[in-house]
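In structure tokens below, several structures.
Each of the next two complexes has chain A plus one more chain, namely chain B in the first and chain C in the second.
Moving on to the complex of A and B:
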């Protein structure tokens, strides 16, 4: 039943090269004074705001993009609190009566819809097309519903949805099952390591549209042309930074996924597509087991797959377990077969673009090696990094500069973790 | 289990004109007029349209008709979008017995065709447009008649041409759409929905439902519609998004009673991949492209790819109000105006009273039942009805596995609604008993229990299949297929051979026989499949047959070995290799092509032999192999070097004289020649002077003798007559030559009977 990671060998050489390239591409950001990229030392896991009662506001702010731009956004934030993207992750327990009090600090009406929740009731506000709305500039409305089923859900704007969802008015609700916070659903097969729970929320951004909204200009939604694609509000390689790094004050959530080879319990990955484009996502060299969809557990024969397409408005829950099946054994020799198609990485066949890398210098898990003079490695203890990204490859860029955009890494620590 | 045949893009042709009409009458079912303003999850209505019952399509033709015929006309016309934009469209219309002309289209999509699973369906197409038109029905196996040949299907010629398509309908939701110039004709509107019902009322793929709604998704780029004859598809950019040809707010709502199960049949005739979301409920995806899913799943938002269809059931139990159903890619505008586009509502009337309570008392869940008199008991009650009408006035229906519902009758003694179930009509194994309880205000509650029928019938197990061992044959031989199929015989067994892969055509002796033959059109590797099917489903095994071409006598291949170097007088060891297919007699022969001297072979007819050479130099030796295809040769060069010069000396001189009868004796010396390292030297020519002393006059005749060393030694002999000569002879080594250089300074003799150069031997007599 558990996901077994296969095919790790495939593309390993490519991946290492790609990582070197990725870091290189990231550095135009450094050139204009952005903080240095570094290996994660703090938390990158999902950060909950616990309920079951939440005070939210609809507000405005800016996100930073790795190419040095900033984009005007709308978003849900805690009240009091400051703008953030995506909205806070609202965590409740199965059976909770959830209440969300919304104050609208934007200049047009805003509402919230709760896909996957049934029997939502509203207090206050005024009638809207899809949901009761909080009036512009200070209006309020309260929503409540019983979180009857565990899973991953979106909450998002139900007003002017063609514009407001694109502007960023979306977030995620996580309903914890009665079996415990370390289960995705009320099924023992969905148990995961509570220290390895990750959330990846997708967005697509047309900065021209956002600029038109910012300056009150007319915009034509039919001319929309996305230029930024974000995970948790960040474009790569900001996706790799820790939660709450001080230089991204409005994009608090990391999307670097960390797993440990051979760990007893899998990690849980929650995908939520808050954007309006369907995104095919895959981690290089690995497969994952899809156990839930839109807040409902799949049947026992859950799907093990490589690429998962997350349609607009969908959520997917996946278990990710990393077993060392190809023998990336710690030790000087390991037992990897020599594959002429994918020769072992060595200093002769690797390019360290801009002299920075996450590569350890050694193809074996838990081993580190040497680098040419002047090359800096962020590798801590011989851990692996695999790219993990939207395979709609136009989306792994920041405006027109790649690598970037809808891309992150999955980090595999050697058994026992980094010392 | 029914095995679905390949659902290919149908091709087919026919040639009939039009006639029958397609009745598309919205049936005024029992749905109550929905109360307005019982709205969304949390809001009263605001710009919502009044629900329109026509959204729920009912079968257009009587379901009993087993050979329905549709007469469609490809025509043109105009539609008006909600923002008053008018676009020219092409579309399929039903001519209702009239003639097919231009200008007939005033709405999209084409008529919704309803037939039953297994029906033999005919679609007669007449084309009033100025370019050819055809119809594809992806998922149905279509044959065609009439018309003119087209890229994907037979076409009805422009300006009045006709074609007919015929197929046996397979259950599910299918698009019918243009197969001619489709990248223009489909967005122009030449599409429609074909709904193949299961044939059992209220069931789709074995899932029960109460209401059915078809949602045909499509899109419009007005620039294309304005100029279909000369449109650059690189500029295709739709700005209108349609459900059943209409955009919000013109899309009728889907109306159902709370508690009803609503079957949503999505078909995407557009080129985008919309994610269709339902707020406040779940859509259970039960089938895609007409195939029932083995593992259905619940979705809020499900993506319907371009050209795909999906069937979903919304169980509205516990839900109420207006549930928004829209394109979550947010194509919810008409042009730039919001709201619009692919947006509609599932309108659930609010219940007017308390729902009934229901429990299935018997058989209990997971019960094992047997016989023809199994009691089904449903405990049902309703607060209002029981008070107002008395107990026993609820409508209670039950079915097995979603089959035809039957009524359960109230038993005043037991207080339950009861019926009997004849399990002998069921297969042994798992079944589900469903019951629905409806009260007077149309609240419905469903209950069900799982049961296991056990009438002792043997369990039908799947057959086992072995297609035999892989084999190789040579053309034109046929392969003898030795399959094995075993089965318990509890249901009809059908076996069939088929080709899974291969480069040519396979002809089976009798494909239905387990043991048969297979012949092949061309050589190559074929994978043949033996499939055995009984009521438990198909099982197969495969065998690989490697078909080799007719063998042709090929010339041998010859390798004379690697070039080599030898020293005189050594011989060369020739290591040749000759391979051949053995299809004709093979002979081999070594010969000398060139060389400074003569080459002598150990056995010139052997591939591996030796060659010795008369003088040093380069010799080219040829190994020739000959069969019926001719001769093939390869050559090897042997470089013969002269023996190397070494420096020698005499290592020993020993007297070996022997009597020779009478006064005669042989003065004889064994000479040992050493190299500098005292190793024995072979092939050295030793020149020795033998000096005798004549008794008569004291003269000393000298004979010069030579010998050539072998094993480091050679012997010289001088005949002596002791009557004429003294009784001793002096031997003196003069020279040791070729291939040596003689250095007498190293001469020695280990036993001291000479100085290494000169030895005096005496008459042994």
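Moving on to the complex of A and C:
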């Protein structure tokens, strides 16, 4: 009982984005979006804000959801800067003395806790239950700690947490190991391709609670009923869009993972669950090597799995690769053996859902085929796509609109990439 | 569910229009691959791709039928006309593997079974799982396509991964052979990925496992911790959100974000149906309303003392489950079709999320008498294999014990013969 897919809306979004750019060029006085809007980079990899010193603010704004809704959120943002979800990705090196200066532009006190960091000190602000707080409406506080252990960490609100974490006050800190930026940990087994580093931050949203906060109504956490599930602040299929697309001004981060078949080094995938329920995340395409959890290398205890249940507040570091083990390549030893008793039907006798597809029209990697009339393919050069998604399947929708929610794709390019 | 596209049918005129002999070849049996490669019949076929010779015994053909039907549970009995409406993949008789679709529609449409059959697959063979979409009897308006997704398969070809948004889906009245080269032994699961929020909950799921080459072992090269077993049982864990099933049966809109289960099941049955032996199944025919004819897989664990018992547990519900056998320690040797090796662990509670699988071994304790019960196989001592979350040991609004619960029955030495297949009862 699913409504129309979002692909066509994405197409329209591309068009609108282009129109907005043209307007911006033709009429430079016309403000389009936010003043500090970054240009889309064409990239989908993890986008760092480099430290070790950061000026953050707690602020408010709206995110767009693929069903056409917009949801009021709170979030951490750069200062100066505009609201974004999730908060900026703070990248530091092992051993750095990290300083985070927080200005609170919300109407209630806010603090930050740093799960997994030790020896956090605060200056300014006033004492709070879990951490020193910045007062409402302009209060400030500074936190410092030494990033002693490499890995993936959350930073999140430590005040009124049942409300502020749900409202979106969370982000990720990445601590680079001394061995180098192409390692997840100080462990040679965690080497990855530095051009293929991806971060997926999970969140779950009850829009009614957010509306209550927006309109100053009572916030009844016991009535919570999630309707949106996001990766990097976006519901699928917005998750597939590049970083910093202009029409999602407050959701800058992509979740599209790209690998190349048979690459020498794996991609590094960092999971961080900034929500308040556990999410069983299932990558199609291959199993994952889980090499780190909560900012600690698993080393000999590293495990391989096809679903990682990421606990609320937990982080995981995983290596992913896709290999063309059966040689899905046309040639004299083509590896799609025919079975005369079960012949493959013509594509015209099959279905492409909603007449749009990421399929290439050809089962061989790097090859494209033609489609029945009326079918639109987004495939560029015969690359493979596989979904990655929460296997609590009620979470892969946008308020009951399907192929959405906590879902993204991995794109497997043929060796050498698309021409 | 709202799939309305009418697939382009190949008419006789289309065939007549074809000029090239290569394209004509593509229409004939034995060149089906060309159809997949050169999907538009008006495109002349390129040189055919030679097919590697299939060694005798190295190929396996399986036929699965997608259709609908009703399941029986305590409080929701089919015989009383109160069964829970479901979709699923059902098997065919061995001599029907290559039967024509219209014949299968006549015989099996509306006669779904749940869960989908346990698929035990030898390693390194050429495997074809042909899925035929028979359509629905209760919802003829619902011309949904279906797919087969082998959950956890390593390095698949996207066209055989069964995700309609990134490959193909199989419409009503069509057949598609999913091809796999199973390389990595262990426990997996398979399910429909077409509108999966709905189709998986509606019952289109089952366990598939790849056998190790070493007979009687779950994994090859298992020197770090042995995976040898005497008996094996698969467990497909699910919840049922009966409200959604009722909505679908009655052509009502359903909000899947309202998900709220009221039955918790293993292998498609809730307790006490879980412990019924194959020999005790009531009814024998769909038309008689035999209640569990649609749920053929027993969850009863029967064993002799000292036997090593392998549990292949897969969860395709939308909730996490914590499974225990009070009184019997368990050893987890595999996770998600990966051998744990020296990372194996002993556990009282097996905790697994949706889409996760575990390979668990235990050694059956001694039979100590007096018996806790007697069945057709003999007297036995009873242990419980249960969900620790006691709220899930219910059947809807029925009173009494139910839900995700079954028994381990340990008989006196030598009572049971060798097991003939997973979940086979004595």
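One rule holds for everything that comes next: the second predicted complex is superposed on the first by the 359 of 419 C-alpha atoms of A that agree within 3 Å, B and C clash if a C-alpha of one lies under 4 Å from a C-alpha of the other, contacts with A are read in each partner's own complex, and residues count from 1 in each chain.
Everything below uses one rule, namely that a contact is a pair of C-beta atoms (placed from the backbone, for glycine too) under 8 Å apart; a residue touches a chain by one contact, two chains touch by 3 or more.
What you see is a predicted model; the values in this text were computed from it and never measured.
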Once the shared chain is lined up, is A:76 touching chain B (first), chain C (second), both, or neither of them?
neither
Quick check on the superposed pair: does A:198 touch chain B, chain C, both, or neither? Answer first, second, both or neither.
neither
Can A:54 be said to touch chain B (first), chain C (second), both, or neither?
neither
Partner chain in contact with A:183 - chain B first, chain C second, else both or neither:
neither
Between chain B and chain C, whom does A:399 touch in the aligned arrangement: first, second, both, or neither?
second
A:278 in the overlay: touching chain B, chain C, both, or neither? Say first, second, both or neither.
both
Chain A residues in contact: does chain B have more, or chain C?
C
Looking at A:351, would you say it contacts chain B, chain C, both, or neither? Reply first, second, both or neither.
second
After the superposition on A, what does A:309 contact: first (chain B), second (chain C), both or neither?
both
Considering only touches as defined above, state whether A:295 meets chain B (first), chain C (second), both or neither.
first
Which residues would you name on chain A as touching chain B in one complex and chain C in the other?
278, 301, 309
Spell out the residues on chain C that touch chain A in their complex, using ranges where they run on.
1-3, 5, 7-10, 26, 29-33, 35-41, 43, 49-52, 54, 59, 61, 97-98, 126, 128, 130, 145, 149, 151-152, 154-161, 163-171, 174-177, 179, 181, 183, 188, 194-198, 200-201, 248, 253-259, 316, 318-320, 335-338, 340, 342-343, 352-357
Complex interface listing, chain A residues touching chain C
1-5, 225-227, 278, 280, 282, 284-287, 300-301, 303-307, 309, 322-326, 328, 330-355, 357-359, 361-365, 369-373, 384-387, 390-397, 399-400, 402-403, 409, 412
The chain A residues in contact with chain B across the complex are 111, 113-122, 127-133, 143, 158, 160-163, 165-166, 219-222, 276-278, 293-296, 298-299, 301, 309, 311-314
Residue ranges of chain B touching chain A (in the complex, touch as defined):
39-48, 237, 239, 273, 275, 277-282, 294-303, 318-319, 324, 326, 328-330, 332-333, 335-336, 338-339
